[in-house]
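Following are the structures in question.
Both of the next two complexes hold chain A, though its partner changes from chain B to chain C.
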Partner chain A sequence: VYQVFESVAKKYDVMNDSMTLGIHRVWKDILMHKMNPSPGTLLVDVAGGTGDIAFRFINYVRSIRERQLQRKLKYHQDLSWQEISESYQEDKSKSLGNSQVVVCDINKEMLKVGKQKAQHLGYSEGLSWVLGNAEELPFDDDKFDVYTIAFGIRNVTRIDLALQEAYRVLKPGGRFLCLEFSHVSNPVLSRLYDLYSFQVIPVLGEVIAGDWKSYQYLVESIRRFPPQEEFKAMIEDAGFLKVDFQNLNLGIVAIHSGFKL
Partner chain B sequence: VRCQLSPPQRPLQASAVLRRVSDEQKKEPLASSSQQQFDSHPTDHQREQEPQGPRPSYTGQGGQESEDYESEEQLQHRILTAALEFVPEHGWTAEAIAEGAKTLGLSVAAAGMFHSDGSELILHFVSQCNTKLSELLEQEQKLVQLGEAEKKPTDQFLRDAVEARLRMLIPYIEKWPQALSILLLPHNIPSSLNLLTSMIDDIWHYAGDQSTDFNWYTRRAVLTGIYNTTELVMMQDSSPDFEETWRFLENRVADAMNMGNTANQVQSTGEAVVQGLMGAAVTVSN
Partner chain C sequence: GRAGLSRTEPRARDGRSGEEEEEEEEGGYQLYPGHIPTRPLQKALLAAGSAVMALYDPYRHDMVAVLGETTGCLALPNLRDKMKHHPEGYRILQERPRIRLSTLDMARLRGLPDGSLGREYVRFLEDNKVSPDTRMPPKFVDDEELAYVIQRYREAHDLMHTLLGMPTNMLGEVVVKWFEAIQTGLPMCVLGAAFGPVRLSVRKLQVLATELVPWAIRSGRNASCILNVYYEQRWEQPVESLREEIGIFPPP
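And then the complex of A and B:
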């Protein structure tokens, strides 16, 4: 798995766009919307290499924070000047409202690409990059508000261990969110999807990234991944409650959600 | 129900969480950060100094500490109850729910369990108010049965019941119009209508309404109309202690009573007319 992503790292984003025809951006936006994080949320994005989820999180929290500040200003109409100036100073230093995201990935190359992207796009505050294995996370218990893993869990050898680690590092009340390719039950779509996956994607891989094998592996790993209900049962086994999934695009992709209660 | 089928380790973990949580309810809220299991961030300390007044001092429901764990539903109810305190500041939103979850020692992400428009919070509140009203009416009825109080005439009873129920809105009155509009959303109408009709039924039940004829529907409809219009008047009322609302209520109830009388009068007049005609017919035929 490590070598697959080492070779794939630099072209990862380009390949994502071409393979999914750009829809992966929409999927990730929907994930963020479902999370609906409030300022002050601590997020760990596992297998989040190039930072897509992390950047979206920062944008989302920033806009919510701005709205909050505007509402606060209206509320503050009848305070004294002293109090208003104090609250201004306090708020300015917290444009994210103390939200933080930790991007964790097993692969150094992916993290490197992510850091470069962050610099390029101007993200600096509230972001950290950590090297780590999803089956054995380098974090304390009960630390995070939200744990996300987008298109990463199918690459984990022992999925049950990753789920247990997710449970461990989440605070009570914390949320587990997983965005992953899943099972298409509609037979018509299923056939088209298979055709596309096995014929088109490896070819694209060769043309754009110069790597047929990795993308062959990718498509196969998608097929091997357990379907929605089975994955839901695995999440419940790890201890999560209120586990649910939402199919996007008729099951090509699914978002699973669970809570540590 | 599903919880009971989980593997044995679950109850222990859950009970650990809940014992922590229920312990917190007894201790000072800020002391939660001193417990070791929480890897407390400095940010949490700042957050926990609420700008609001005192913490909710609601007592835990029943003997939860003695049970091994509570169901998801019970936990959800507790979160929503805790969230009510934050409604005046944040409105009926996911933010209020997140703040409520925080006071229980849970992560703000727990608010993700609920719909992001705050519907569950509002429905929870309405249901709570209805329960409180039922209890109030039950107590009053007991007093009457014990002979310690006079049985009120119907119009007085209705006025007092509606006023008592509407007064429960007063702490949240600024954000209540927002709540009403959310309750009117299509996906909420079944539940909100259900809550409304059962409340009205309750009031009539305690008013001593025993009728099972078509009058039951008219009485229900009339009282629902009175309640809804008074509620709307209350939203716009700026008089001290909502005097104008209660006067409006008084007039509407009086109208309803008169309407009942008029209907009776019409009926008895009708009967008298019919009897007169019958008599005339008999006379003529003779």
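And then the complex of A and C:
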């Protein structure tokens, strides 16, 4: 799996856009809205390589923070200029309100691409990049408010271990969110989806990234992944409560959610 | 063969790991190392995609290779038959020689007299800083012998440059493509010959149109099949004599 992603890293984003016709961006936005993080949230994004979720998190939290600040300023109409400028300075330095996201990925190349993107797009504070394995996370227990894994868990050899690790590093009350390709039960859509996956995607891989085999692997790994209910049971086995899933696009993609209570 | 195979769905839920399997892949069996069997729809998509990508990004030589493989279904058997019906070509098909740095004795070739095939070939490689090892192995040809034919064609490409006296710049490549298009009939060569000039300056286009292309066409038609020449046994032969033997007119 490591070698697949080494060769895939540089063209990852281009391929994602081509394969999903850009829809993966919508899926990730929906995930962020579901998460609805408030400023001060500590997020770990596992298998988050090129930073898509992390950047969205920062944007979301920043916009909420800005609205908070605007509301605060309205209340400060009666204060003296001195007091206003003091509180303004204080708030400015916390434009993210102490929110932080740690991007963890097993692959150095993916992290490298992610860091470059962050620099290019101007993301600097509240962001850190850690090399690590989802089956054995380099973090303390009870650390994070939210754990996300977007399109990464199907590549983990021992999914149960990854789920256990997710449980371990989350604070009590923390939330587990997984965005992943899932099972399409609608027979018509299923056939079209299979046709597209097996016929078109490896061709796209060859033409855009010069790599047929990696994308053939990707398509196969999607088929091997457990369907929605089964994955829900696995999440419950790891100790999560109030586990639920939401199908996107009739099951092509699903968001599973669980809480450590 | 197994061209009309119905698509197997082996990997859906049986928990096999994602390792490469030598046996059954999507659309058929793997016939040679590196072979990726493909269904007609996939080939059509590949042909279209690689054509677009090759034009968009001229540095994607792998796309030119893929285009050649996916569109060569008529031209390749034709070439193979030409080889089979010729004594030297037949031997090449039997012995399957490969032109690679590991199989060539570069020191010996360099030591050959000036004007000999071996010496001029090495000079060409060094002047243009190319190596025969950068040729892509075939992936999408669904016949093992035809895969060799296209591999031979690719490896002989540098020798074409040597025999035609053309460098590896855009102009030289286009001229060689014209020659190859006439000789092999491969759609990829025809497309390359037709679209390659798009990126040339006006002055070069003039030279191309008035002198080089007519010469390439005349030579291509006059010459016997260039894949029927056992180059590895002719390193000592002077280039001019080989040109005459094949039927390539002296370059302008």
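Here is the rule we go by: the second predicted complex is superposed on the first by the 256 of 261 C-alpha atoms of A that agree within 3 Å, B and C clash if a C-alpha of one lies under 4 Å from a C-alpha of the other, contacts with A are read in each partner's own complex, and residues count from 1 in each chain.
One rule holds for everything that comes next: contacts are C-beta pairs under 8 Å (C-beta built on N, C-alpha and C of every residue); 3 or more make two chains touch, one makes a residue touch a chain.
In this text, all values refer to a predicted model and were calculated from it rather than measured experimentally.
Once the two complexes are overlaid on the shared chain, A:213 sits against chain C while remaining clear of chain B. With both structures placed on the common chain, the touch criterion links A:203 to chain C but leaves chain B unconnected. Using the contact criterion defined above for the overlaid structures, shared-chain residue A:66 touches neither chain B nor chain C, since it reaches no partner.
In the superposed model, A:221 makes contact with chain C only, not with chain B. Touch criterion met: A:142 reaches chain B, while chain C stays clear of it. The larger set of touched chain A residues comes from B, when the choice is between chain B and chain C. Looking at the shared chain after the overlay, A:86 reaches neither chain B nor chain C. In the superposition on chain A, A:230 contacts neither chain B nor chain C. On the chain A side of its complex with chain B, the touching residues are 34-38, 40-42, 98, 140-146, 170-175, 236-237, 239, 241-242, 257, 259, 261.
Against chain C, in their complex, chain A makes its touches with residues 1, 4, 198-200, 202-204, 206-208, 210, 212-213, 216-217, 220-221, 223-224. On the chain C side of its complex with chain A, the touching residues are 7, 11-13, 15-16, 18, 20, 26, 36, 39, 41-42, 45-46, 49-50, 52-53, 60, 62-63, 66, 139.
On chain B, the positions that touch chain A within their shared complex are 3, 6-7, 9-10, 13-14, 17, 20-21, 37-39, 41, 43, 46-47, 72, 75, 94-95, 98, 101, 104-113, 116.
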